[in-house]
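Two complexes, one shared chain (chain A), two partners (chain B, chain C).
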Partner chain A sequence: MILKSQQNVNKKGRSLWYDAWKRLKRNKAAMVGLFMVIIFIIVAIIAPLLAPYPPDEIDLFNVLKPPSAEHWLGTDFYGRDLLSRIIYGSRISLSVGILVQVISLTIGTIFGSLAGYYGGKVDMIIMRLVDIVMSFPSLLLTIAIMVALGPSLYNVFLALGLVSWTGTARIIRSEFMRHRELDYVKAARSIGNNDLKIIFIHILPNCMAPLIITFTMGIATAIMSEASLSFLGLGAQEPTPSWGSIINNGLQYLRTAPWYSLFPGLAIAYTVLSFNLLGDGLRDALDPRMKDF
Partner chain B sequence: MLQYLLHRLLLIIPVLFGVMILTFFLMYVVPGDPVLTMLGQHATDENIARLRAQFHLDEPWYYQLYNYIIRTLKGDLGTSYLTHIPVRDALIEKLANTARLALTAIIVSIVMGVTIGIISAVFQNTWIDYAAMTFALLFISTPVFWFGMVLVFFFAMKLGWFPISGMGDGSIKYLILPAITLGSRFAAFLARYTRSVMLEVIREDYIRTARAKGVKEKFVILKHALKNVLIPVITVIGMNLASLLNGSVLTESIFAWPGFGRYVVSAIQKRDFQVIAGSVLVGAVIFVFFNLIVDLLYVALDPRIQFD
Partner chain C sequence: MAVEEKVLLEVNNLKKYFPVKAGVFRKTVGYVKAVDDISFYIKEGETLGLVGESGCGKSTTGATILRLEEATAGEVKFEGKDILSLNRRELREMRKEMQIIFQDPYASLNPRMTVADIVGEPLDIHNLARNKKERNEKVRELLGSVGLTAEQMNRYPHEFSGGQRQRIGIARALAVEPKLIIADEPVSALDVSIQAQVINILQDLQEEFGLTYLFIAHDLSVVKHISDRVAVMYLGKIVEMTDKRDLYNNPLHPYTQSLLSAIPIPDPTFKKERIILEGDVPSPVNPPAGCRFHPRCPKAMDICSQKEPEFKDYGNGHYAACHLLD
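Here is the complex of A and B:
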């Protein structure tokens, strides 16, 4: 009897997260995505152990060599081992993905929660700012910011973060607008909590699900955007082994050394695909309302 | 409808001012003196001062901003520091080329995306469906510029079916590879979205009625269900307008297509700030108006959506 009631208690105490995890586990595509993401993160962390050569080691006797036993994916214009450069490139992509999302989620959450919580004029001003940023095609605005800041990897983090926060702000705003009228918020207010505490301690934890979805999907977008910027020569500069800039450098040898640009593109596709698969799955698991969209 | 349109147009005005101010400040804080870029080796103190005065670069920022807004409103987007061609004239020509590319890309991707989406829905949970949706996800995850490069390698360099780059004499063979490149992601989004809409539609009562009446399956799908796909096409176009414009920048640089995107990219390489500023601004204005058109089409096509 005791056991049975304990079981009941456990069942009742099952959290939203546990349910979501169960739903996620049932989703094969999402689990493939999760597995691919974990592999990507491991590769990025242990890059020095995996890479057969240092990523910047120049070998002018082995320039533009096709894939071989010594250089599995061939070499680039400076004779650098492409496999090693692609392995190290995963570190750039991972840091771009995470840092850009941290910047963009921070800005988006602060603006979105203020707009949604206070409404009125605050909301009006913040939403006009969102409108202005969103009225630029994202790549053009990023290009303008990068031109202003100058090309470097740190500026890529900043530029992409400054461009991509609007989606988060909109989502968080609508969550806050829904929550601020709910009883628990009224109760929190009635016992004398101040606004900051209500926003960050009471409401924000209830917005975790959309934040997690945005974070995962945003990593894919950020990695793709960084690759595009580096491809245009505005992102990471030599000798940083960014996948986008490797493709850009290889482009002029497309006819004679197609492997140069081919493999880093596959790496981008793999990584973006893995985060998209996981993100799709998380969306279905955490927020059934957003399904099919 | 008219009221809605006026309301939306009024809302656009402050946004466009914001866009102008933001563009101005991004170009204002640009490190390095554009005058030095312009003069190159001829940069003497005298020359620098003369040019700075000519372009009002020696005035305080608020005066420059005021000037910038006034002349932009008059339709003057400045003149390229390097080629001395007015940015507006260059943009009109380049945008025509981009429009040609983008329209072809949209048509190609609508045909491909909708067809694949319908087939996927009709054969739901078969290998055809799985294969189609896997391909769609792969295309969404593939960088546009890399896909274009792969197409160039196989179809232009190895097989020689298409020219490698440029617009040549303007014939269709120059257009095919860039249009497929630009349309690929779009087609993939469309296939996914069409599939999910079709899956909902083919479970509706009126489809069941049509089947019950003995209408052939082919007609049920093509005549009754397909009508409902128009809305998702507009939705996907709306959601991916930005990705289409971004994609055109990347696609045009791969294929050396003489359009808007390539114009911007070559201006970045030459640090031709007037061109960058003008293009970014025009890009934003076009984007704002296309979004408005998409919203209007939406309202016009779907009687269930009310003016808001």
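Here is the complex of A and C:
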């Protein structure tokens, strides 16, 4: 009986993704992370339904109110509802996280795969570029790019993307160096594939595991970086409700209205924790060899 | 080399050196002479066994013939056409004529592709199937010819055993209907019980499709079973090449003699003299002067360390390179 049902599953073909999902499901911390991430994404999507007030509705009679029944998390110095602002802020964080990772993974994957696949001079030039970018403290470099481009949310995407691709490039390069020597790549060449097909159809799908892990972990980093930039006044500008800028605004009232900075700070901590938990779990599930990193 | 029958593949003075780089500036400080001036030929429909210890350059020879590695010097002729001078497009066409089967069935199949895609990919690249239906039909046929069933088409490589994977690799090589197949130690990673099965499949396919094999192995007993002629390699050179029967009954080169004496005989009462070689294979970066085998040769003479022996015909196409024979 058992044997029969197993064979039915086998007929369809059990991909490696299915195995990874089964491993991930067994990991409690990762499932908690996944649950937290899903909640975060849902909140960002249905923000207008959840928020009790419009995020930039100014109410000068209720300035800097502590948490109460009307304003669960209190109000800021314009009397805006902090809960609403934090809920809307999740949209900024989510889009920063995803867009920055898309930009940085695209650049990193292209450079990393070319360097790893071709080696030699191509590798030398690309890796020296990586070294140059990496030799600057990343926040400093981001600030420099932001200053050059001008402070706006779209420039945050660009600046963070341009700074954070180097790690991906290194990971993808090392994966390509390992895979290009394997027999399945030689086989692909011997049946007449060209380099482009070998890179994108044969090797890259085998690098999906580290890419997915980098993507998930990178979202957390990008959200932190955006918060830091907004905190420094270089990111999202008023009245856009970014968590970093709310913390910055609250800083001057830290003694009299500590909830002002506390709640957006907790929101950042929650999000970063959730993506890191999920990322760790994904790493264990997708690539058991990477556990030690 | 003068040959009467139709020669499918001719290799003349093939060399493949890998540069050894060292230091901060990656300067080339020497070369690994993996394949150093070898010549041989394979007649249509026959199997040439290429044997030698690991690291002697057998696999590099195979990879260089297929241009998976670019040769340093020499000539590889397939049906009279020089393969090493082909441009990219011509090479792609040539890929239909020559295929390879790899040693490690766990590394030679892309783990993210289904069996149908692995076997069907060569058909797509060379436009050998007009539509999806024909492609699936052909994949089914190919899998059938190596003893796999159509139900297994949509599975992934990790769901198969080593022997089954190796057969998938064979089906992939067959997809383009090649004339020559380079089998790079196709059974040495398999269980002994599976080895015979895979070798029988290779022999059946040879009969059915008129294939020519270059069968690379480090095991003389396997080679004895499948080959028509055998070439013995030592440290980047072919030391002896002849008919299978000739080689096993009358080995000329001391290296071949010692290899043959190492084959176990399934008869406990039979006593035979084993020639045990001293020491290890020298480094191919700095091979010994003269005959490369002389530091380990039980019959070495003075001349062996000074002059390299010539690889020549000692009658009936029995080629060898040894000073003892002169």
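Basically, the second predicted complex is superposed on the first by the 283 of 293 C-alpha atoms of A that agree within 3 Å, B and C clash if a C-alpha of one lies under 4 Å from a C-alpha of the other, contacts with A are read in each partner's own complex, and residues count from 1 in each chain.
Everything below uses one rule, namely that contacts are C-beta pairs under 8 Å (C-beta built on N, C-alpha and C of every residue); 3 or more make two chains touch, one makes a residue touch a chain.
Nothing here was measured: the structure is a model prediction, and the numbers come from that model.
> Under the superposition described at the top, does placing chain B and chain C together on chain A give a clash or a fit?
Because the two structures are overlaid on the shared chain, the partners are seen to fit without clashing.
> Would you check which partner chain A:247 touches, where first means chain B only, second means chain C only, and both and neither mean what they say?
A:247: touches chain B, not chain C.
> Is A:186 touching anything from chain B or chain C once the two structures are fitted on A? First, second, both or neither.
second
> Given the touch rule stated above, what does A:224 touch, chain B (first), chain C (second), both, or neither?
In the superposition, A:224 touches chain B alone.
> For the combined three-chain view, what is the angle at the C-alpha centre of chain A formed with the C-alpha centres of chain B and chain C, to the nearest 10°?
100
> Identify the partner contact of A:273: answer first if only chain B is touched, second if only chain C is, both if each is, neither if none is.
Only chain B; A:273 stays clear of chain C.
> Which partner does A:144 reach: the first (chain B), the second (chain C), both, or neither?
Touch status of A:144: first partner only.
> Which partner, chain B or chain C, is in contact with more residues of chain A?
Tallying touched residues of chain A, the top partner is B.
> With the superposition applied, I'd like the minimum CA-CA separation between chain B and chain C in Å.
Chain B and chain C, overlaid via chain A, are at closest 6 Å apart by C-alpha.
> Name the residues of chain A shared by its contacts with chain B and its contacts with chain C.
none
> So in the complex, which bits of chain C are touching chain A?
Contacts found on chain C: 63, 66, 68, 88, 92, 95-96, 98-100, 102-104, 107-112, 114, 121-122, 125-126, 151, 154-156, 158-159, 169, 172, 175-176.
> Residue numbers of chain B touching chain A in their complex, please.
Going by the criterion above, the answer is residues 11, 14-16, 18-19, 22-23, 26-27, 29-31, 137-138, 140-147, 149-150, 152-153, 157, 196, 241-242, 245-246, 249-250, 253-254, 264-265, 268-269, 271, 273, 276-277, 279-280, 283-284, 287-288, 291.
> Of all residues in chain A, which touch chain C in the complex?
10-16, 182-184, 186-194, 202, 205-206, 208
> For chain A, which residues are in contact with chain B within the complex?
Where chain A meets chain B, its residues are 128-129, 131-133, 135-141, 143-145, 147-148, 150, 220, 224, 227-228, 231-234, 244, 247, 251, 254-255, 258, 261-262, 265, 268-269, 272-273, 276-277, 292.
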